[in-house]
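Below is one structure; the comments refer to it alone.
Chain IDs A, B, C and D follow the sequence of writing; residue 1 opens each chain.
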């Protein structure tokens, strides 16, 4: 339940690390795939691109990682952002609309403007969320639910309910292209993750966020501008979602107002929680979130590769999620260890003399 | 001192009153705006059409009051419709056996989730999300098609109209109101109810005060499971079919209704009657939309969002000013 | 404001239709909605339109409110087949005729609706399968098929899967080696196809339940260094414009049309029904199948 | 005391990751006695209580209740076995009413349903017994920490158990309340209840306890009859060293200093907030320590919060360094060099999930803004400096604050504000739950800071402490500043009490 940070040995330091159990889970999932597809870990160079299942996981996981990243900071402040899926759709729609209507869809300038429009709108949307939560004092879940519902309508309004297909090489690069043999999306989200880690951990931002999420009353009394921080965090989340939206639409060269980012908020929250960040706010772990997102993506890939029929996919997922949570739960491990110890004790011939223990009230 | 006590208690009800007033104003605006809107039947239809949501939201209220969340409700509703339809139609079981069985199943499922949440200290979000996957998945393993129900018990429950003067309600609506009344009594007049609030206020304190934390938690999720299953039964009456894609996203509607009703998602504070109002708000928005009748699909969503926005912001601003 | 004023509306001779749409979940659906809205305008019909956001309960509520508003005709595309009896009985009691579009309901009581106008998803799947059987009639080796299914549990997915399976079941050389849901979306179609390409050593044919998934899968196939349409044959359903473009480039081999443009037909029907004329119980929309050549020819005047 | 102990523990051991909190502790509690559990901050008193009542599972040893070995699985089971406990941090539900907090779990019922009227009536009676004037249907969190502490006591006492455990129940109570509590304790003792009492106030311990058990560093030091161990000896047992004399501990005699003159740092002029404090005047000069005295609920905290912008005043003016200032938020106040160490460390002070280091630098970091982070070296330096200076245990800056003992948490809170080097330091019950050694250190520290030119507003329920430190004492009564007394050496606790009682200017 609790642990002091005093690590006594390097081994313990590793197992106590908050990333240890998510990493174990990810490794187990990947290994399970290997059993079904022997060349699952194979990565080869094909046509100048890295090609392989692992690359796919990272590639398709990239937007989820981004969305979860924003979600992590929101959750750290004790909030939640349901609107990310809609933001994904809106940003893709705006960018594709701009590109498809521009006379020169293939030019870098057009693509940059398109991205600028999408990200700029995201800032606005995030600010609305932020204001509702921080200033008006609406509960985060309901504040962002508004945009979740309306936003998808806005996205469809932008695309006129159709799927906007674009042909633009520079735009294709964002989510579907390659750079230095790697999918650009992976590099981009790695960059954003890195930047966020730097931003939160080498400035005081992380500490202040954790403080606001951990104890809002105390945070006000130490002079933290909680309102501004909270509002900012929603803007950041929207930005991440918008970037993910660019990726998603760029990857298929089309904007789908209705389906892009559908239910991604649930996946993102799940990723954050699997990564060890509590929904109650406070301590957050970006590394954990990345692992969590990869776990979710790997799980989908697993479903495809080992050929689970669609009817049973959800049952399979349910069991995996529960198993993952149990493995990660210190309480579960403690109970398991206690049971093991008890079994060993009773197995020993010179067990302690039987005691007349009475369970009080039990 | 007694007057003061009364005053404090009244102050606690302000958000509820504000919500009610806003609801009435919304109805009035609708009546002015649309023909045929200003009628008792429109109000009763709110109950008839949202009976299952109301029941589910009541269960959700218990969970949210303890500071938890139950994402599985929509899927459990779907599973209940599926199991009912499957057993009644394809196996010929009698409804009077099937309905209690389904309720038991929901309750047991909820109880199990609560148990896992408490004993293994896993966040409710994940456990109930897994529950959601499982319940939906089980639907599909039964059948990916929808199953129609022609059983006379179900059809009569579906089509019975209880007259109220010129107007009518459905049995489901009455059942839902009964559930609200029962839940109100449980929350406010039993130890369980008070333990629920205590747990939401501070789980640590509740434990140290010697309250039965584990039992309360599992009970609360069991109640939510029961309500979901009952919601499923009501939905079966309403739709006369079982289907794995029924009630998709219902969990969000239920949570929204609870939160709009003034219950804090962090637990410990809220009102059951607020949940009733929350459900009515959502239903009324839906009604306004369908009376408008000129909105394209996307404008429907945008207007729902906008109405929600106006409602929430007004609710917040008015209650905040009052303090 | 009272309920009496709806009578006043009727007296101006304008027909009022309440149309309860499933939602706007795909480009196909949007084209369907648009066709109905445009046709209503053209025919001078007052259209009460309601979007159910893919929820049956919302559709039921919408139909109830149409009854409340005393429209002349109710039309709707059922989200699912079952569960309509109650509300349709209410409509019947209010003497409002009901027209089903796009998909039938499984009600035993035939009197609950006057007619059905729409497509047959099973037939579409069958057409796709039939083409495949013909295409491979001469070959003898195994034909490994991967299937991209629509949203699990949804009617088109169920029926297109069943129709297809039915058509190919006669010949054991057709093997569906992998089948997953792609949720009717391009992104999912691409993602699933990418996984298939890695886990399946040999894929001959891709059958997609709609064009969007096929279009996503084409990208995945290209990225894997294969030629869609040649290395892997592609069969799809819907016939949207983007798919026609892909066909004209030889990337899709066969497309079964599922026509969303039934607005004009619906308005005609509604007028007839209101006027008391008798109409057929079931009206199939005009739907074709397309080969790349036909598609190339049809591409310039494709509307959606 | 020939009888059998009602509660006995033998060889109790409790380990937390990295800390052995209890190491083979024996302890006996007899019916009809008040037994003190003594030890420095972090000695293991609260842990022993938590192990006894099943909050923490023990790692060894046994618990014997009325002659039978038992395994107590949790507070619920402890209560059922007749052990009623007030834990150190107030552990009640802030969202419930006072009455519910007293009765929850054992609400009076009629026809199976809770009888609200009876519950409120009985709660009001119980509360009146302690001469508390509170509205029992108001939510608990509308009351100060002291009131909450009393409510917790009322709850525990009313359970009428065989064993009553009180972990620092008096840490924020004033004399009157303590007197009333002791009366209740004596009455229960006479009825045969065994009472375990923890306090850092030696006078209180000697006043009410029959025997005591001393812990040091998680080990049993010994069990003594109060009458056989004098205070000096007790303290040396607690800290494990011989002491020259008690004087050192008591912080020495009152310092003889002349009150600084010169312009005030802060001047409140008819400052007020409706429902909280009546208009009051207050000047504080650099180098001056101003104390606030008053009974529980007299409005000291509320007065102080206005000076920090924690609450908004709705009348009067505030001048800081001569300029009229409206403090809109604590941040404003901090920017002007004011620091406020709140009385409720759990809800208004610490962020439990963060480490000691992070909690210590939090205020300083907030003031610098997020773009100018303190380097890790600087953070460590601050943390280690104050861990040493205040003897925070365990001395690991990376320990989570919520795992620290109550007294050590209080020290962390104090350290947080001391490193901001404020011009005015507002201390609301800074020594709550702090052991007597550390208390003396803190008092010395405050005096030194003032000598170096810091203005200090010092609030404490312990009047002696206020008088020892302050140049001037503001007296509050019923939310009204009734007097400001110069502490020129002649001011005694009795005179302050008299002022409070008469409510008039002395």
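A few points about this structure:
By definition in this document, contacts are C-beta pairs under 8 Å (C-beta built on N, C-alpha and C of every residue); 3 or more make two chains touch, one makes a residue touch a chain.
Each chain and its UniProt protein: A = ABC transporter permease; B = Galactofuranose ABC transporter, permease protein YjfF; D = Sugar ABC transporter ATP-binding protein.
Every value quoted in this text rests on a predicted model; they were computed, and no experiment measured them.
Looking at the partners of chain C and chain D together, the chains they share are A, B. Should one ask which of B-C and A-C has more C-beta pairs in contact, the pair is B-C.
If you average the Cα atoms of chain B and of chain C, the two centres end up 33 Å apart.
We define each chain's centre as the mean of its Cα atoms; on that basis chain A and chain C are separated by 34 Å. Work out the mean CA point of chain A and of chain B, and you get 29 Å between them. Taking the mean of the C-alpha atoms as each chain's centre, chain A and chain D sit 42 Å apart. For chain A, residues that reach two or more other chains under the stated contact definition are 156, 161, 310-311, 313. Multi-chain contact residues of chain D, defined as those touching 2 or more other chains: 76, 78, 80. In chain B, the positions touching at least two other chains are 140, 144, 296-298, 300-301. By the definition given earlier, chain contacts exist for A-B, A-C, A-D, B-C, B-D.
Chain D meets chain A in the complex at residues 16-19, 65, 68-73, 76-78, 80-81, 308, 310, 329-331, 333-335, 340, 342, 347-355, 358, 361-363, 365-374, 394, 396, 398-400, 402-403, 416.
Residues 1-3, 5-6, 18, 21, 23-24, 30, 33, 37, 47-51, 53-58, 60-62, 64-66, 68-70, 79-86, 89, 106-108, 151-154, 157-158 of chain C are the ones touching chain B in the complex. Of all residues in chain A, those touching chain B in their complex are 1, 78, 82, 132, 136-143, 145-147, 149-157, 161, 257, 266, 269-270, 273-274, 278-280, 310-319, 321-322, 325-326, 328-332, 335. Contact residues on chain B toward chain D in their complex (touch as defined above): 1, 4-5, 8-9, 185, 188-191, 194-195, 197-198, 200-202, 204-213, 268-269. Per the touch definition, chain A reaches chain D in the complex via residues 2-6, 8, 202-205, 207-208, 210-211, 214-215, 217-225, 282-283, 355-362.
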